[in-house]
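The next part holds the structures, each set out as C-alpha cells.
The two complexes that follow have subunit A in common; it is paired with subunit B in the first and with subunit C in the second.
Now for the complex of A and B:
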C-alpha cells in the first residue's frame, strides 16, 4: 500500500505540468481529477472504502475489485450516452447512507456489502461519466475516473484494515459520521 | 529503531500532508477560489468564535473525563446531531436564543469538567446533543453564502471534530492524578470564559 502512497500528491501536482507536453493526456487527468476534486465523490469513495475495510479481508478485497469494475463500466456507459444529469440528491444520499453504515460499524453479510458497493459505484460512475464532453477522448477520461476510484478506495480500505487499536476503530467510525454529517448539510443546501 | 508499521503509517501521513499542501494550486487553477475558499471559510468558522472553540474542546475534555463509552460516543454521534442542527440553519428555520445558548454551552460544559460531574450517560448525551444542535445551527446559517457549500460543510465538520480530538487528547491526562487537576482546571478556565461570553451576549 505504501508504494502508491505518493500517488495523490503526484496526481495533484503533475497534471498542470504534463498536460501540455504529452498531447491527449489532458483527458486522462481530467478524468482522474474529476472525482477527487468534487467533495461528494471523494468523501463517498473514502466512506465506501472504510465500509469495505471494516469487513472480513476477502470481502474487502472483492468489494474493491467490484467497485472499480462497476465504476469503469457505468462511467463508460454514461459517457457514451452523453446526457446532462441532475444527481445531486442521490449522490448526497449515498454519502449519508454509507457514512452512517461506517459509523455503525456493523459486520454486514457479504451480499449486502457487494450490493451497497455496486449501487454506489454505479451512481457515482454515471455522475462522473456524464461529465464527458464531445471534445474529450472517452477511453482516457473514463480510465482516469476508474483509477481515481481505485486509488482513493484502496487507501480507505487499507486505513480501515489497519485500524486494530481500539481508538483507531473509533477514529474510522468518527470519519464515517463526519462524512454523513457533511452529506446532511450539503443536502440541506442543495434542496433548499 | 522504528517499528515497520509505524514507519509505513508515517509515510502515508507524509503523503497525505504533502497532498494537502499541494492541493490548492490545481484546484484554484480550475475554478478560482471556489473549493479552497469554501473549505477554508468552513474550517475557520468554528475557530473564529471563542464560544464555539471553547465549548467543543470542553465536549472532548468531558468525554475523556467520563471515560468509555461516552468518550467514543461523543465524536461519533456529535457531528451527525450537529448536522441536523445545521440543516435547520441552512433552511433558515427559527431557533430561539441561539447566541445565548451557545455562550451558556461553554459555561455549562466547562463547569461540568471543573466539577467532574458524572451524570447518567443519557443525561450527558442529551445535554451535549442540545448544544450540538445549536452550534450546528450557527455554522449552518452561514453555509448558503459560502463559495462551495459542500467544501464549507466539510471544513466546519472537520474543524469541529479536530477541536473534540484536542479536548479528548488533553482529557487523557485524566489517567494520572496530577492530570486530573489539570483537566479540571482547564474546565474552570472554559467556565470562566463562558461567564464572560454569556454576560457579553446578554448585555
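Now for the complex of A and C:
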C-alpha cells in the first residue's frame, strides 16, 4: 500500500553481520519496522496516542497499556491464523475516525476512550500479524509489532500532554485533522 | 516487598522469555566471496559458505567471465563452513567491470554474502549480496564511498545489536543526572573505541564466543545494579557509573570488532575506515539515547508514583534476556 512497504523485508535481510551475535533477531526487527513503515498504521498509532494524551493522565496510562496488550494478542492470533486479509478500508476508516476525534479535542468518557483504543489496536494488530510469513518466528515478529506500537503511541501521548500552550493544543488538533485528511486521500486512492 | 519483587520477576520472565526462547534458529552468519588480483597477474577466488550439521551449502557464486563455472581447484569442509577456491592464470579478462552474482539465496533464511574484491593496485571494493540484491558490478571504490559504507555498517551494527542497546538503555535508566549520564556514555564510548581499534588492528586477539558471553554477563550485572539501586542500595555502578561503563565498554568494543573483522578493512585506508565504523557506532548510540530519553520522560510522567514491581520490570526484563543470552552463548554455542 505504501512506498516504503519493502522496508521491513529489507530489515530482515540486511543485518546479517549482527545476526551472528544475537541469532535470529531480524524477525523481531521486521515486526518492529512493519507498522512504522506503513502510513496507515503509523499515523493511526500517532492519532490514538494524541487522543489518549488529550485525556486525563490515568486514562492515558491505561489506554497505552490496553493498546499494547490488545495489539500483542491480536497480532499473535492473526499470525497463528496465517491467512491474508484485505483490511485497507477498515484501517483507513480507523485513521480517519481517530484523526477526527483528535481534531475535535473532546474529553471523552474513559470507557469510550478504552473502547476506541481496543478497537483500533485489534484491527491493526490483526492487519500486522497477518503479514507474518511462514519463515518468520511468530513470537519475535509479534513482539516487534507490539514494541513499535508502544513506542509510537508513547511519543504521541507525550506530545499531546506537553501541549500546554494554546498554540500547541491547536497544533495537536491540526495534526489530528491532517491525519484524517491523509486517511481520506488514501481511501480515495485505494477505492479508485 | 519480596512478594512485589517476585511479581516483577514473574512479569519480566513472562514478557521476555518467549522472545528469548525464540531467538534461535538459522544463525545468519554471512558467506564470503573474496576475489584477489595477485602480483603475478592471476586471480584467486575464494568462496566461504556457512554450513551447519543440518544445513548443507546451497549457494553458487558466479562471475560474468565464467571463471567460476569451472570446478573449484580446492574444496575444504570445516566444522562450520565450506570453502571453495578457484585460480585464474594470465592472460585473463580484467576483474573490474565483471558482474559477481550468487545463485540459490533462500530469502527465508536472511542469507547474505559479503563480497570483497582486492585489485592489483591495492584498491578494494566491498558489497553485500542478498536475496534482494544478488549481483554487483565489480569496480574500484573511491575513498569516500568506502568510508560511507563503513560508517553505515557501524550504525547498522549498533542498531541491530540488542545486547549493546540494552546496555546503553540500562545506563540511561541507572544514571538519572544528565551530566553524569554524558560522562558515563563518554567513558563507554572511549573504552569500546579503544578495544575496537586494538582488536581490529590485530594488537589484541580474544575469542569472540567468550566475549559475547561476557557482554551478556555485563547486562546481568547492570540489571542487578538497577534492582539494588531501586532498593536504595547504591552499588559500585550507581556510585561510579563511568568507571564501570569504562570497564564494560572495553568488552563491548571487542564485540564491535568481531563485525569489522568479518568484513575486513580496505588496504591503504585502514585508519579512516576504522574511524568511519566507530563514528557510525557512536552515531547509532547517540541516536538511541536521544530517542529513549523522551520516551522515559513520558513514561515517568504517566506513571506518577509507580509501584515497586512496575519500577522493577525493566531491570528484570533486561536481566532475564541477558541471562538467556549467557546460557545460549556458554551452553548452546
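By our rule, the second predicted complex is superposed on the first by the 170 of 192 C-alpha atoms of A that agree within 3 Å, B and C clash if a C-alpha of one lies under 4 Å from a C-alpha of the other, contacts with A are read in each partner's own complex, and residues count from 1 in each chain.
Just so it is clear, a contact is a pair of C-beta atoms (placed from the backbone, for glycine too) under 8 Å apart; a residue touches a chain by one contact, two chains touch by 3 or more.
Since this is a predicted model, take the numbers as computed values, not measurements.
*Asks:* Which partner does A:180 reach: the first (subunit B), the second (subunit C), both, or neither?
*Replies:* Touch partner of A:180: subunit B, not subunit C.
*Asks:* For A:168, is the partner it touches subunit B (first), subunit C (second), both, or none of the two (neither)?
*Replies:* neither
*Asks:* Quick check on the superposed pair: does A:39 touch subunit B, subunit C, both, or neither? Answer first, second, both or neither.
*Replies:* In the superposed model, A:39 contacts subunit B only, not subunit C.
*Asks:* Looking at the overlay, does A:192 come into contact with subunit B only (first), subunit C only (second), both, or neither?
*Replies:* Only subunit B is touched by A:192; subunit C is not.
*Asks:* By the touch definition at the top of the document, which applies to A:61: first (subunit B), second (subunit C), both, or neither?
*Replies:* Touch status of A:61: second partner only.
*Asks:* Would you sort A:26 into first (subunit B), second (subunit C), both or neither based on which partner it touches?
*Replies:* In the superposition, A:26 touches subunit C alone.
*Asks:* Tell me which partner A:133 touches in the superposition: subunit B (first), subunit C (second), both or neither.
*Replies:* second
*Asks:* Have a look at where A:154 lands relative to subunit B and subunit C in the superposition and call it first, second, both or neither.
*Replies:* In the superposition, A:154 contacts subunit C only.
*Asks:* Please report the subunit A residues shared by its interface with subunit B and its interface with subunit C.
*Replies:* 9, 12-13, 15-16, 155, 158
*Asks:* Sort out for me which residues of subunit B touch subunit A in the complex.
*Replies:* 5, 8-9, 11-12, 14-16, 18-19, 22-23, 25-27, 29-30, 35, 72, 75-80, 82-84, 86-87, 90-91, 140, 143-144, 148-151, 153-154, 157-158, 161
*Asks:* If you look only at subunit A, which of its residues touch subunit B in the complex?
*Replies:* Listed in rising order, the residues are 1-2, 5-9, 12-13, 15-16, 33, 37-40, 43, 100, 103, 155, 158-159, 162, 170, 173-174, 177-178, 180-182, 184-190, 192.
*Asks:* Considering the complex alone, what residue numbers of subunit A touch subunit C?
*Replies:* 9-10, 12-26, 28-29, 57, 60-61, 64, 133-135, 137-140, 143, 151, 154-155, 157-158, 161
*Asks:* Which stretch or stretches of subunit C touch subunit A in the complex?
*Replies:* Subunit C residues touching subunit A: 18-19, 21-30, 107-112, 114, 128, 130-132, 153, 156-157, 159-163, 212, 255, 258-259, 262-263, 294-295, 297-299, 301-304, 325, 328.
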